[in-house]
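Both complexes below contain subunit A, partnered by subunit B and then by subunit C.
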Partner chain A sequence: MRGTELIVVMCTVILIVAVTTAVIMGITAYTPGPEVRPLAKFYLENCLNLWNRAYWAASPEAVCSMLWDYRGIDTLYETTVFFLAIIGGVTVFRLIEVTPPLESLSEKIRRVLGLSVIVRTISKIVASIILIVAVAIAAHGHLTPGGGFQAGAAISVAPLMIIIALSRYFLEERKLTKERMLALRTVGLLTIWCTVIIPLIFALVGQVVYAMQNQAKPWTTFPGFPTGQLSTWIAGSLFIYNMAEFVAVGAGFTLLFLLLSLPEEVFREFMRRLTRK
Partner chain B sequence: MLVQDPYSVLKLAALIIGGVLTVVGALCDLIGAIGLLRFPNYFVRLHAATVATIGGAVYPLFGVAIMSLACDFLGVARWFISAISFLTAIIITLTAPTGSHAVARAAHKAGVPVHPKACDLLEEDRKRGVVK
Partner chain C sequence: MSMLEFTLLMYCYAALIAVLAISLYGLVRRPNILKKIICLSIFGDTANTLIIFLGFRTRNPIPPIVPTLTPTKSLMMEFTRRAVDPVPQCLVLTAIVINMAVLMFLIFLAIQIYRHYGTLDVRKVARLRG
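Up next, the complex of A and B:
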């Protein structure tokens, strides 16, 4: 036992020394210097360049314009991968075709499910605040740090808190079922893909476009998505992408939480029925 | 300078009130820390932690909200600082006691001992069957 501990300690020390040496000597990777690199300079100069609109994304948020415009295809496939990951999670629960026995519980029991009345009241208030903040993050994604994924992650906290404080039946009574969540996130992903394909429709008419093009370029004939420059700044397709991603991610996480909070008794009952068959 | 600025008295008052609130918050933090170390059982220690959370976070935030209004050198940012501090204080006032309440209730239900006990009304209610 002593010998094993000694070996573990020795290995840890050697590992720490080796990693520290490697990092100090700069072997692990290219260490960025304090000056702005040419690539970053390109994004900073061009993302909202009102005087030279050849490469602009019509968004003052450089990160958002990189994610959904300059390297938008990457984010598009990331979103699709996330969708498939949630599908994998749903597949684990594919046996559950039954809904939890909501009807079998009497009205009186249903009202006292969850934590005490103080926690339930405050949870309702905080959940509504979370909804407002999440929508604001998504709608300002092209103006301030944040965006669709962050907003979706933020809004999914509300159902999680409600499941804990007010029980799952609170959501189910308000029609936030897992089937609807699945449909909602599919709608979100489809909206993203449709927005990607819209420029290609112009290609059928004979215009020169790129897939996932946001703003007009001098060498293409695609007019570009509206920037909203004169009224409300919506940064072309970035606003659509952010809102659709918000819906897709929020519904996806809510779906997972709904599945994870299935009562164990429902599961067992279903498995029992399955084996009896 | 006093003659030029018609609001100088209000600003001075805001600075003083905000400063006092911040100092009260620091004192609450100190009291909460001492209580957390010295109190005998779980529930009173939780009470000390709540004093530190509410007193030590909400009072200074209200203080900052009032003080930043009087700070002209912050420019337009002072309105944002004030509003955000005020909202954060209200949200903490709502959520922190609720969290403590939920934790204390769960601990009591799980049978965490209330050892040096003056009175335990919740336990008496449970025995009488008023509370489940």
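Up next, the complex of A and C:
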């Protein structure tokens, strides 16, 4: 038994070392040096190139402009994969209907459910601060580090904290139910897809455009999304994508946390009813 | 690159690879599903860190964000010369969020397995035959 275990360990180590060495040294022939690859240099040069606007994304942040402009289609489908992963989670719980089982729920939330008064008060304050910070991260995603994905991950901490400190019925009482979160999630994804399709509407009238085009190019006739003024720079479609992704990711994770925090009795009752039928 | 810098870089690579190996071992050898999920998340995060690390550059690196909306030409040239590689960061950004969603899905499955079989041990689950 010890022998086989040792062999497994050795094989694992050798596999990992070989694969990583191949990736680091062999394929890319690259160790950290003073220069980046030509592809990265292109993105760095062109993300806010005010003098030659053929390839610019109108965003000072290279990562965001790559994410939603240069490699936009890639991110679009990654968002769809994320949507499907959440749908998978929902499917596992598809038959269970949760109705708030308690009478005079708000009274009960205040008295019985959740943690002590100190924790509950502090959680409410911190949760509201998290909401503000998350919106700021999403709205400045095209100017500073951050964006839709990060803001969505940040905002999903707030419902998680509220579920622990105040019970999930606090959220359900405020109409943050499973169905609404699913609807919000879908609205976010639909907004992204609609923004992708907007340039293609111009193609119907005979203009030359690309799908998911952000700024005007010399060889297309699409005028491009507005970049905004210096005080309110929205970087064309990047702002819309970031906000929509923020809604989608935040609602998606809230949905998962709501499902994850279902009380065990609800399941037991459900299973009992299922076997009785 | 000085000798110290090179040693530090190699140390970072070695540490990341060691964590990868340990997490893969846990993924294969631990019978508990919950421990498998923990190892999987460590494995994914270490892989992401390794990818980010490939974008590092040694000459006074700065983040890949232009500090102003009205840059001069010399500022843009210096930015291009010094900024770290944004390509791996962009790649990892979406991978992290999708990892998180897949992780939640696996946790859901683990919960369902526990409810149905009363155990999270894969050997016992295999013996129960549904």
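Keep this in mind: the second predicted complex is superposed on the first by the 232 of 277 C-alpha atoms of A that agree within 3 Å, B and C clash if a C-alpha of one lies under 4 Å from a C-alpha of the other, contacts with A are read in each partner's own complex, and residues count from 1 in each chain.
Keep in mind that, in the parts below, a residue touches a chain if its C-beta (ideal position, glycine included) is under 8 Å from a C-beta of that chain, and two chains touch if they have at least 3 such contacts.
These figures come from a predicted structure and were not determined experimentally.
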Chosen between subunit B and subunit C, the partner touching more subunit A residues is C
Which partner does A:267 reach: the first (subunit B), the second (subunit C), both, or neither?
-> second
Kindly classify A:62 by the partners it touches after superposition: subunit B alone (first), subunit C alone (second), both, or neither?
-> second
May I ask you to decide whether A:3 touches subunit B, subunit C, both, or neither, giving the answer as first, second, both or neither?
-> neither
Is A:125 in contact with subunit B, with subunit C, with both, or with neither (first, second, both, neither)?
-> first
Just subunit B (first), just subunit C (second), both, or neither: which does A:38 touch?
-> neither
Determine where on subunit A the residues touched by subunit B overlap those touched by subunit C, and list them.
-> none
Could you please specify the touching residues of subunit C with respect to subunit A in the complex?
-> 1, 9, 13, 16-17, 20-21, 24-25, 28-29, 50, 53-59, 63-71, 73, 76, 79-80, 83-87, 89-90, 93-94, 96-98, 100-102, 104-105, 107-109, 111-112, 115
Touch list for subunit A against partner subunit C, complex | 5, 8-9, 12-13, 15-17, 20, 24, 28, 30-37, 39-41, 43-45, 47-51, 60-63, 66-67, 71, 75, 78-79, 81-82, 85-86, 88-89, 92-93, 143-145, 147, 149-150, 152-153, 230, 233, 249, 252-253, 256, 259-260, 267, 271
Note which residues of subunit B are touching subunit A in the complex, please.
-> 91, 94-95, 98, 101-102, 105
Contact residues on subunit A for subunit B in the complex?
-> 115-116, 118-119, 122-123, 125-126, 129
